[in-house]
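Each chain carries a letter (A, B, C and D) given by its place in the written order, and its residues are counted from 1.
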């Protein structure tokens, strides 16, 4: 351990500790602060609301984490999200029209959309890896194309008329607790109006976290994740070590699109509609979450856990301000400042990221 | 590993905090004598809803209702509005929520949940389902829908614009977003109205997605394509402002008649200067006022609330624009 | 002498330019051969032919006496020809053992199904290799970013020898190093030599060459202009070959 | 040897022709669009329409011009769209207050415009300092500034357009330099006497004020980029920051100036926006003006790696996208195709850049 001390002569333990975990500390601090100042923040419902509101950010942030660690950026996630919401809604309605039961239609529609959603990612990957188009431009073009296609599909409107079941799934919870009636799963019996019903663990959050767990595992534990870091750190070294960098980058962009697609499907279930620009507002927020989580836009550095913390930080901030009833125009200012501070901390304490437990394996 | 551990620990702390809250977070239900608390959730940040808020505040002051106005959604859509709605009602002790639903489908489930927990719902300006709450259905639980009849308004605009252009010629519609039910109603109503005039031809509908500059570009292009265009219908303030700027710029003021839906100060000003010819004002202040008033009557007097309440329109023309009685219908910040 | 690897009559052109013109050379087991030449003399092209980056237009390559085809860096690696580039090709954001195992990571099955990285194994194995070297690295979990130039060189070399390099190609290993670290690296070269590895050393520094090389090959304008046993030549003579003062 | 030489010469000649086309592909494509739309769109081919396209592009020309400088240095400025919004809102807010205090229209406009222009400098100065002094990546610094400027603009206007401004504003912003009417003569800045409302369809208008303004700005910037040391240094920094430092260029100061410049012209776009629309507009948060500007710059031949780019190219990029919008609209093609078209054009731009790396 003594060598680690030697590696960072400039900063004390405390500063280094805070520097490395500032996002987490900030998250805890703001959560506690809201508990005290915002009436109604300190409730199970609001607590779950933070996670529901965070779902798109968790998924798009994770998508962006893979891409940013590999040294790229994916501007198309927001519109792949919209594209997926439109495609899944259209498919489900079509399948139902063809006689499928609502459950089957939703199942097949969502599964098919997950496959279709990977197509823009594949194109991104080919453009970036094979044709050497800068990621910024490649994914921006794909943004335009997926937006255009989804607008064409809905002819400028939105895809709706979804079976009621989709909304039941999208707004449902794993368990319900009714005092006097006890626990029940997935549905609860009809009770007199006004009886408190405690809803526990939203289905969309569960769905999101299943995927988050899979991809966190992929990034942290596997060869694939390791190679993603290596490519972001030094693509030449990766090539010379025999890693098929081009194929790998293609997969990274496909993963990104897949996660964005899932987010779009969950949106469709939650809001009973497909909308081409539904995910537009999450693009920059997801990049912000990744950067707050400690990733570097130069590639090679970042963690999925950090991104989740970053996303939660934003989600708690937004939900807390809403519960407070404060006009959230200021949120842009706060987020802008947090973002810059995030990078400045990284600049002032470079040893934090270069020591053993910095933000990469 | 340490980082992972830290994350898990913090997540557990979070969970514990949440569960503690779960045990003690809910408060006693209201009794009849206490002050009523209503929540207003606007559709999007826009002078229309701001005017509605003012109406609601006036009624709230009159009836002694505690009115909570949520954060204004920054764009139109349930993904923005629903989290705001849910976070605002999290404050607890809410008796009624009135809002402009941003989706006919997506708001049903969250509003139903609020309704089931004992909160009353009124929708203003826009509605859920098909807007008919008088027959029992999955979405008929709100107390009332208070708003203007967009189709009828669109029709009215078509008839009045027809009068201005002498019942003949080409007209064009600039609208905001095909996603929005109320705005679409105006387009449909306008087309129905125009269809009654055999010599009037609707040459197209463009969507500017609430960006005025886009509306201006689109209208400029249309003026090129149809050099003898007789009239333009802008379905909300962005459409109307962009459209009249394009016409002003083309030097066609007076030659192309402009009908505007929604009466902002700027559009009224343009009407005074002759750059706009017809301005329809909805009565957002009435919508807000009536929502609070009927809510109060429902709780206080156990009154039966009509399932649908129309608020009507006022039409500004160059003849009545300086009439002091009309000033109240201008949307203000 | 039995060469570990031998190239014969290699020709490599780029457009109209003949970068390597009919060059033959070889390296034996435990031998250090230095390749010298001015900038543009063709030495790096020659090296890239051997390490599989370029395919030669003419000529043959023999590995342990048998003709082989080296069409890609992977072919070279699988034969045991490892190259340490001047930029070392290390991923600075990864730690020491991750770099040693980069591209050939050891995995184990988690829960019997999922292949996950076996950090413990890689750490242990990396420690074994590095222990045998002169240059010490404090912690194998340190990021490359935090290491000194000499330490990085040691990581790059360990990486090669761990993977049973038979031939090690070193491109300017002492460039951009401090004096103390330079001699440490040269000591490393001697260690490797003692293990029977054949080394091709590219260098500008005459001092290095005369300290460790057994044989010296001089290239000039794509051709091999001299090949000398180190003990039978002098730095001055070599310099004169490099600059072309002595007609061949 | 001789045969080899002649072969190369032929190759060079053939490549030269391909290269000229490749180098000017955006211009070629623009001309192609003009020809196609002239056939497909009634009313496309006309002086007024061209003038419309040109002057309605004014704000985007400013945004793309400022982005060009930044991209040449190897940076990126994601804040231009929101800086434009902040300037527009503040400029209008000041005009509103001044006008309400019974100042003359002219004084109101001058004061408001000055405030808008000055305000535009601040965000660029902050990002410049962050980037050059504290090594914050340009992407992050300007992304942060975009959030901050957007938040300030929205807080000021509470999400509403700022109205109540003098009417002369739009007359100036949407006016023309020169008007002429057959038989009734011609006049600068106004209609010839005797022209009535019903005759306006025959009125000829030459040179919109917006176009005049951006032509002047582009001319100045072209001079700066092409002929001054400042321009040379901009390219040098984009080529290699290290080399520029060693050559004695004060890179830090230069970068601050670049971001200030970028932000200033974004502010100018905001001020012009007030003159064009007659109200102060905040930038809708998903308007993506900055992406549009960057796309135009890349289509114009700049490389996001820095060291390469041209102002004329960027203007052509803006016009290409504007003509595409206008032409598709006039041709009655669904608006959605234009998004797909923009995406494809961008890919073409960069792939051509990859295939002919030695251009420019």
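Structural remarks
The rule we apply is simple: a contact is a pair of C-beta atoms (placed from the backbone, for glycine too) under 8 Å apart; a residue touches a chain by one contact, two chains touch by 3 or more.
Predicted model only: the values in this text are computed from it and were never measured.
When the partners of subunit A are compared with those of subunit C, no chain appears in both lists.
The minimal number of chain-to-chain contact steps leading from subunit B to subunit C is 2. Ranked by how close its C-alpha mean sits to the mean of all protein C-alpha atoms, the top chain is A. Set against the Cα centre of subunit A, the chain with the most distant centre is C. The mean-CA centres of subunit A and subunit B are about 31 angstrom from one another, to the nearest whole unit.
Look at where the CA atoms of subunit C average out and do the same for subunit D: the two points lie 52 Å apart. For the pair subunit B and subunit D, the distance between mean C-alpha positions equals 34 Å.
For subunit A, residues touching at least two other chains, in rising order: 155-156, 281, 327. In subunit C, no position touches at least two other chains. Across the assembly, subunit D contributes 154, 158-159, 285-286, 335 as residues in contact with two or more other chains.
Chain-to-chain contact here is organised irregularly, matching neither a line nor a ring nor a star, and falling short of all pairs touching.
A list of each chain pair in contact follows: A-B, A-C, A-D, B-D. Taken together, the subunit C residues at the contact with subunit A in this complex read 73-74, 77, 83, 85, 87-95, 98-99, 102-105, 107, 110, 114-117, 138-139, 141-143, 145-146.
Those residues of subunit D that touch subunit A in the complex are listed here as 76, 130, 134-137, 139-141, 143-148, 150-152, 154-155, 158-159, 285-286, 288, 291, 294-295, 298, 304-305, 334-344, 346-347, 349-351, 354. Put simply, subunit A touches subunit C in their complex at residues 3-4, 6-7, 217, 221-223, 226-227, 229-230, 232-234, 236-243, 300-301, 351, 354-356, 358, 360-361. Residues 45-47, 50, 72, 74-75, 204, 206-207, 210-213, 216-218, 220-222, 224-228, 237, 241-242, 245, 248-255, 264-266, 269, 273, 333 of subunit B are the ones that touch subunit D when the two sit in their complex.
Interface residues of subunit A, counted against subunit B in their complex, comprise 21, 24, 27-28, 31, 35, 39-49, 52-53, 155-158, 160-162, 164, 167-168, 170-171, 193-194, 196-198, 267, 270-273, 275, 278, 281, 303, 305-306, 308-309, 318-319, 321-323, 325-328, 357.
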